[in-house]
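My questions all concern the structure below.
The letters A, B, C, D and E name the chains in turn, as written, and every chain counts its residues from 1.
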Amino acid sequence: MSKKIDRLKIKRKKKYGDIGDSPGSIHIDEDSLKPILKLYSYNKDEVQESGGRSFESILKQLDHCKTHTHWLQINGLGDKKMLEEIGEHFGVNQLVLEDIVNTHQRPKIDDYGDYFFATSRLITYKDNVLDNSQVSFIVKTDLIISFQEDYENVFEAVAKRLNAGKGLIRIAGPAYLCYAMMDTVFDIYFSLLNNLGDLLEDVEAQLYDNPDKTIMYQAQGVKRSLIVLRRATWPERDKINSMIRDDSALISDEVKVFLRDAYDHCIQIIDMIESYQEITSSIIDVYLSIISNRMNEIMKVLTIISVIFIPITFIAGVYGMNFAHVDPVTNKVLPYNLPELSSPYGYIYCWAAMILITGAQIWFFWRKGWFNKL
Amino acid sequence: MSKKIDRLKIKRKKKYGDIGDSPGSIHIDEDSLKPILKLYSYNKDEVQESGGRSFESILKQLDHCKTHTHWLQINGLGDKKMLEEIGEHFGVNQLVLEDIVNTHQRPKIDDYGDYFFATSRLITYKDNVLDNSQVSFIVKTDLIISFQEDYENVFEAVAKRLNAGKGLIRIAGPAYLCYAMMDTVFDIYFSLLNNLGDLLEDVEAQLYDNPDKTIMYQAQGVKRSLIVLRRATWPERDKINSMIRDDSALISDEVKVFLRDAYDHCIQIIDMIESYQEITSSIIDVYLSIISNRMNEIMKVLTIISVIFIPITFIAGVYGMNFAHVDPVTNKVLPYNLPELSSPYGYIYCWAAMILITGAQIWFFWRKGWFNKL
Amino acid sequence: MSKKIDRLKIKRKKKYGDIGDSPGSIHIDEDSLKPILKLYSYNKDEVQESGGRSFESILKQLDHCKTHTHWLQINGLGDKKMLEEIGEHFGVNQLVLEDIVNTHQRPKIDDYGDYFFATSRLITYKDNVLDNSQVSFIVKTDLIISFQEDYENVFEAVAKRLNAGKGLIRIAGPAYLCYAMMDTVFDIYFSLLNNLGDLLEDVEAQLYDNPDKTIMYQAQGVKRSLIVLRRATWPERDKINSMIRDDSALISDEVKVFLRDAYDHCIQIIDMIESYQEITSSIIDVYLSIISNRMNEIMKVLTIISVIFIPITFIAGVYGMNFAHVDPVTNKVLPYNLPELSSPYGYIYCWAAMILITGAQIWFFWRKGWFNKL
Amino acid sequence: MSKKIDRLKIKRKKKYGDIGDSPGSIHIDEDSLKPILKLYSYNKDEVQESGGRSFESILKQLDHCKTHTHWLQINGLGDKKMLEEIGEHFGVNQLVLEDIVNTHQRPKIDDYGDYFFATSRLITYKDNVLDNSQVSFIVKTDLIISFQEDYENVFEAVAKRLNAGKGLIRIAGPAYLCYAMMDTVFDIYFSLLNNLGDLLEDVEAQLYDNPDKTIMYQAQGVKRSLIVLRRATWPERDKINSMIRDDSALISDEVKVFLRDAYDHCIQIIDMIESYQEITSSIIDVYLSIISNRMNEIMKVLTIISVIFIPITFIAGVYGMNFAHVDPVTNKVLPYNLPELSSPYGYIYCWAAMILITGAQIWFFWRKGWFNKL
Amino acid sequence: MSKKIDRLKIKRKKKYGDIGDSPGSIHIDEDSLKPILKLYSYNKDEVQESGGRSFESILKQLDHCKTHTHWLQINGLGDKKMLEEIGEHFGVNQLVLEDIVNTHQRPKIDDYGDYFFATSRLITYKDNVLDNSQVSFIVKTDLIISFQEDYENVFEAVAKRLNAGKGLIRIAGPAYLCYAMMDTVFDIYFSLLNNLGDLLEDVEAQLYDNPDKTIMYQAQGVKRSLIVLRRATWPERDKINSMIRDDSALISDEVKVFLRDAYDHCIQIIDMIESYQEITSSIIDVYLSIISNRMNEIMKVLTIISVIFIPITFIAGVYGMNFAHVDPVTNKVLPYNLPELSSPYGYIYCWAAMILITGAQIWFFWRKGWFNKL
């Protein structure tokens, strides 16, 4: 009978390195996926794609298309050697590599002069599990490298737009691509929030129609998801702000217009999160109040029925006593022992008394307003 | 018996676009209303009105009244082509058009040099549904375009004042008109808050006279409305502040005096919202306390009545036992079996004991103070 | 028996004007009192007083005492024409007049160059009603006008000090008078807070001596009063700060020393309000805990008494059964039917069993610690 | 039986002056103690002490030791005339005198050019009463006056250090003495917090060993003490900050190093207060949870025992009915009336049924897990 | 049966000095451990280690390796004389020595020109006791002294890295060593948080599988640990920020890059703490709701069973009454006394009535939805 509760789980990531590690040390988790590389080399007119599991072939294409802009997409971080090779080839600081691999970074942007490093949280929901993974970007003048923990092709739409070539996407440089991917992350947040909004509506409808304890679990699940989302979105605000205020040539004014738009989206997400948090709290409050009211209602019915029957059951008990009107041994009449029992109308008087008492009680409770709904 | 609960509903809007959409893409929801256009061309001396469903006729009038100031009122956003046409004609950025159509914007103002773009939330309450729609304004030196999602003529009073022509309305430029409409939105908030205030007073009166669970639902409804209002009003503050601090020629110092007044109204609204939130919380607290007290009172009565009857019912039970004073088979007298039953005054002693026990209990409870109101 | 609860009421004011009203429109509420005017014209040496219901006579005295400083005290705002006349005569902005009449302003100060406009909230408590009315001041170089909603002579003490003429009151200009009246408003807050403090002490004493539900109502009443006071005091802080930082000649450095003193008072009031809020919360928490404890104590007694009697009542029930030891029809002895009843010591064994069970239960409950106070 | 609750009391002070008082008016409370004066005149080499109840003798010594630095310690504020005399002699502003006497000031520092005025809150705990009195300091180039409400010699240790003459105390001027006294006040806070920490540990130990309602009262007492302490400490922070940032010659850089140390102490106190507040809340939460669990445990036992006996008591009731197997009048056998009673094994079957039902219930409750601890 | 609760204890430290102590006075707690000294003298090429309990031998090595950089590690603070000797030898302010010994400092950095003084909180968890001790650092151009309260070798990993000599550790000066130790402290926080995260997961799993009161205690334990951690981490943020913004030559730009990394770690820790706090609150909420639901479920079963049996037990009571159908004395038939008992089918009618009542009740409760799970 008890409904199966599909409790939301939040995927837990391992490991923050060991105590006293030197800074910049790269720890690859054993479960990490091996990297799959994909390189998009594009200019205004064309896009060339190549990929695979080795960095060699990528290097070849980079060499070949020297005047193109490049987007190197890396899915899977499970190869320490390759990452260090990439880091060395593109002149990336060891601390950055550590941040790419240690996938617990808050969204942030670090400007290293000739390149900047940015991270975002990618929050996806599948089969009741909320997965909070990390995407990182290294952006140079003619190159963007994107790092992702798993093989999910979340930036497919960006690749399509790149292939289609409409708008600014092939013209506005790697920072625009970075913006486009960040905005895709926001779109994923929006879609997640939409799902949570639908869920909250369902929960609320159930709350008024047929409240049961799944409401508590689901509301808590939503709450936990919102906590995760908020932790991912708040630092995004500062990050985009930093990008807009950045003076370096890496982020052109053209891109900043779009970053301002992304900033608005970010604020909107935060707003929705806060609204949903307040709605969730309100649902939990109403739920607790409903449950408490229902219990009270049930208890009240018990109270009233019990209290009505208790005195009359006592009366029945009194006249069920066996005090002997006639002594069984001597046969002497004992006139003071339960004379009511031999009264011709005793039984009728007894019922009359019981009905009277019941009526008096009902009248008393009615006057007290106990028959009203709480 | 159970009172019908008219639970407040908040109209939910669809859709935040798809994942990975390019910025500036316009998605028209299928349910969107087709636009109705209305053009007011005015100068110090006269107001010309025209309107309809096509942009052609509007263009004609714009051409005709070149020295006038124009107010183009657009109700309904369900025509992608027309909006793009309007955007192109007036030189409006694609991102602005996206914000006009994607009606989930927070109140904000974006200055684009030769025009500014502003949005407000229009919150109306009808038939237990709170509708949170968007109005947007594009303000140029001699033109204001107002966009609204539906056909509600909320700015009727502004149009009337324009026709009447008193005060600054025809002189102070489109920014004044923008101010007038924003202030109208605030007037709508005030009137909504007045209704909520009346509702809170009713709820509070009921709370002390006849508390039932509708109080919880209504208080939660008010709470939710206040959340929506607060989310709409807080960003208004920053928005008006930006407008007051704006250096562009679009907002004259004359208008800024009025904006300061609007700012005061905005703060006053926020103040009222916060007061009402505290009152709502206090009502909920008192309600929960009353309910709990009432339940406790009922439970106490049960306790006392039960505890009074339980021992005497037991006594009645004892003397209802059938231990044989005379063995039914051998007819031997068994003197230790319930001798009380054959005592001449047994029944009277029994009542005496029961009355004594009851009295003792009542005295005990009275001394404990259990007969006092909780 | 039920104690009459004198629930605190907060006087509700009407009306925020109509939707779409043009700014500066003056709405006089029908209930508004007709203005009573009083003019104090003073210089270092003397004070001249005159007054009445018409502005004519005031104008005459103003004309007559051109070198004096004037304090025009207006009680009652129910005359639109007169207010507009006054506004025009003294060159007051239409928006200021609107703020004077629309008595929902937060405390604020607006500097209009040759005069400044300030408002404060006057919070008085009479007959269980908290009245939150508005006082406004217009201060020019040699004139101060004070506006009050009702006829209460709250500034009597200031008038007396003016008549006495000690200290700076006749020398330091109208801004000092404005300060003196603001400080009087703070004195009223202090006295109100003193009353609330006394009330809290009474409530707390009752809480530990004889808690009942009036505590909840009174604590909530105090809470509501504190909300009103806080909303009135917080903006005062900013207001006085603005006055101290004001550069205009209207507020002399001499007066600013006193304003700093008023600022300290304001902070002290906020401090007291916050302390009282925390005390109120703490009282409510303790009250709820006491009530819950008391109910638990009562329930525990029931539990124990019930549980003690339930098994022995069952035993009495068993030996009250009528299984026939002798078949009433055939008179055959049925030896397995309740043989205990014909045992010579059956009744005594039965009591022994009942006493044993009761003792075992009491021992069990005692060992569990259920006889201790919760 | 009920443990005596030593509820913490907070000494309440009277009076905030009357409504409309002119600024700077000095109100001496009738209960105020008469001042006792003590003058320490010191230079690098010696300390001269004198004292008494009259200001005359003090003046004499001041005159006599013109090149010394002076510390005038005033305990008790109950002499308006003397205070005004002192004020006049040292050129102290009337508003400062008012603040000295009106002992509700928040900690603050006011710089008056040739002297500064500082106040601190002296919070002491004795016999379950928390006394929150005021100490004030007037610091000039070669003089410090300390004012205290009562005769408690809290600055004894400072006087001793002055007599001992080690360190900077005789060299670094009156501001150092002011710092030393402020730091003594902090030491008193630390010692109070240490006591509260010990109390919290006791309460927590009791919470897990033997929770009863004294926990609630004591936790609330701690909470109230912490509120008082926090209100005293928060403004100290700003005050010390002001002193450190002060440019006047009254506070030398040498002293500022020590003030920075005092600032750290102040932050540490605030930290401890906040920690203790969180611990107190946590204790209250655990207490409420324990109480609720215990009640639930008791209720569960009742439930199970009741529910086990209710059906079998009913069965006993059924076979206690008197339906006549043989009509008492006609002696006709009525075979359908309770034939079980004349069945030879009726009683045994009856017991079998009762045992079965009991067993079924116990099995049901056990399967439901109701025998586990909550 | 009752599970042993291993309640988390927080080690409490003694003593904040006495009231009125002069600043800079050093109080050694009697329990303090005697210092063990260890000196690492290193340059780019080699590391020399020496140590022991006397400062003499240290001085000798310092003298011997004049061009080396030194790390003097002091474990145990229980020797006032030695500390003063060290302070004097290295020119350390008396107030700094006081802060080293009074181990209640918040994390902070004080710049004294030619050296800086920094403290961190070292929080370790062992055998259910959370130990919050202090580590302090004095950093000069070619020397770092680290002070620790106990003998735990927490900086072993740093010493190993120094011996290995990879990276910047031997080149970047004492500030880098200070950073490395601070980062080690953060690593310890991370590992503690990881343990708390595992514990929270266990608690949450238990919450849904088998909730009992240990959940409350464990959640409170986590809460308390998080409070301690947060108090240690928040000031770290400001401290690192100060270090990054420091202009002195003591902290090179090279080290500041690493400090920025440490800052990110610090923010990450704060983020985790806040997440865990929210999760803990959510666990407690769900726990309370589950407990309440379970009690309600149990109470509901009682209610239903009781209410079903109460009326039929009353009926059984009625027909257990002994009203005499035939007067035992006169043998007169009393036809109105319980005629049902002599009705041939009385017993069957009686059962029919009881079954009917039971069925009606079950139907009523079912219709009310009381058989559904709450």
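Keep this in mind: a contact is a pair of C-beta atoms (placed from the backbone, for glycine too) under 8 Å apart; a residue touches a chain by one contact, two chains touch by 3 or more.
As the structure is a prediction and not an experimental result, all values here were calculated from the model.
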Angular offset of chain A relative to chain E [C-alpha, multiple of 5 degrees]: 70
Interface sides of chain B and chain C: same vs different residues, half threshold: different
Whole-Å gap separating chain A and chain C, where each centre is the average of the chain's CA atoms: 40
Separation of chain D from chain E, taking each centre as the mean of its C-alpha atoms, in whole Å: 25
Touching two or more other chains - residue numbers and ranges from chain D: 299, 306, 313, 317, 320-322, 338
Sequence of touching chains round the ring, chain D onward through chain E: D, E, A, B, C
Sites on chain A touched by chain E in the complex: 1-3, 5, 7, 12, 15-24, 95, 99, 104-106, 108, 110, 210, 212-213, 216-217, 220, 223-224, 227, 231, 284, 288, 291, 294-295, 298-299, 301-302, 305-306, 309, 312-313, 316-317, 319-322, 325-326, 333, 338, 340-348, 350
List of chain C residues in touch with chain D within their complex: 155-158, 160-161, 166-167, 169, 180, 183-184, 187-188, 190-191, 194, 197, 201, 208, 257-258, 260-261, 264, 267-268, 271, 274-275, 278-279, 282, 285-286, 289-290, 292-293, 296, 299-300, 303, 306-307, 310-311, 313-314, 317-318, 320-324, 327-329, 334, 336-338, 370, 372-374
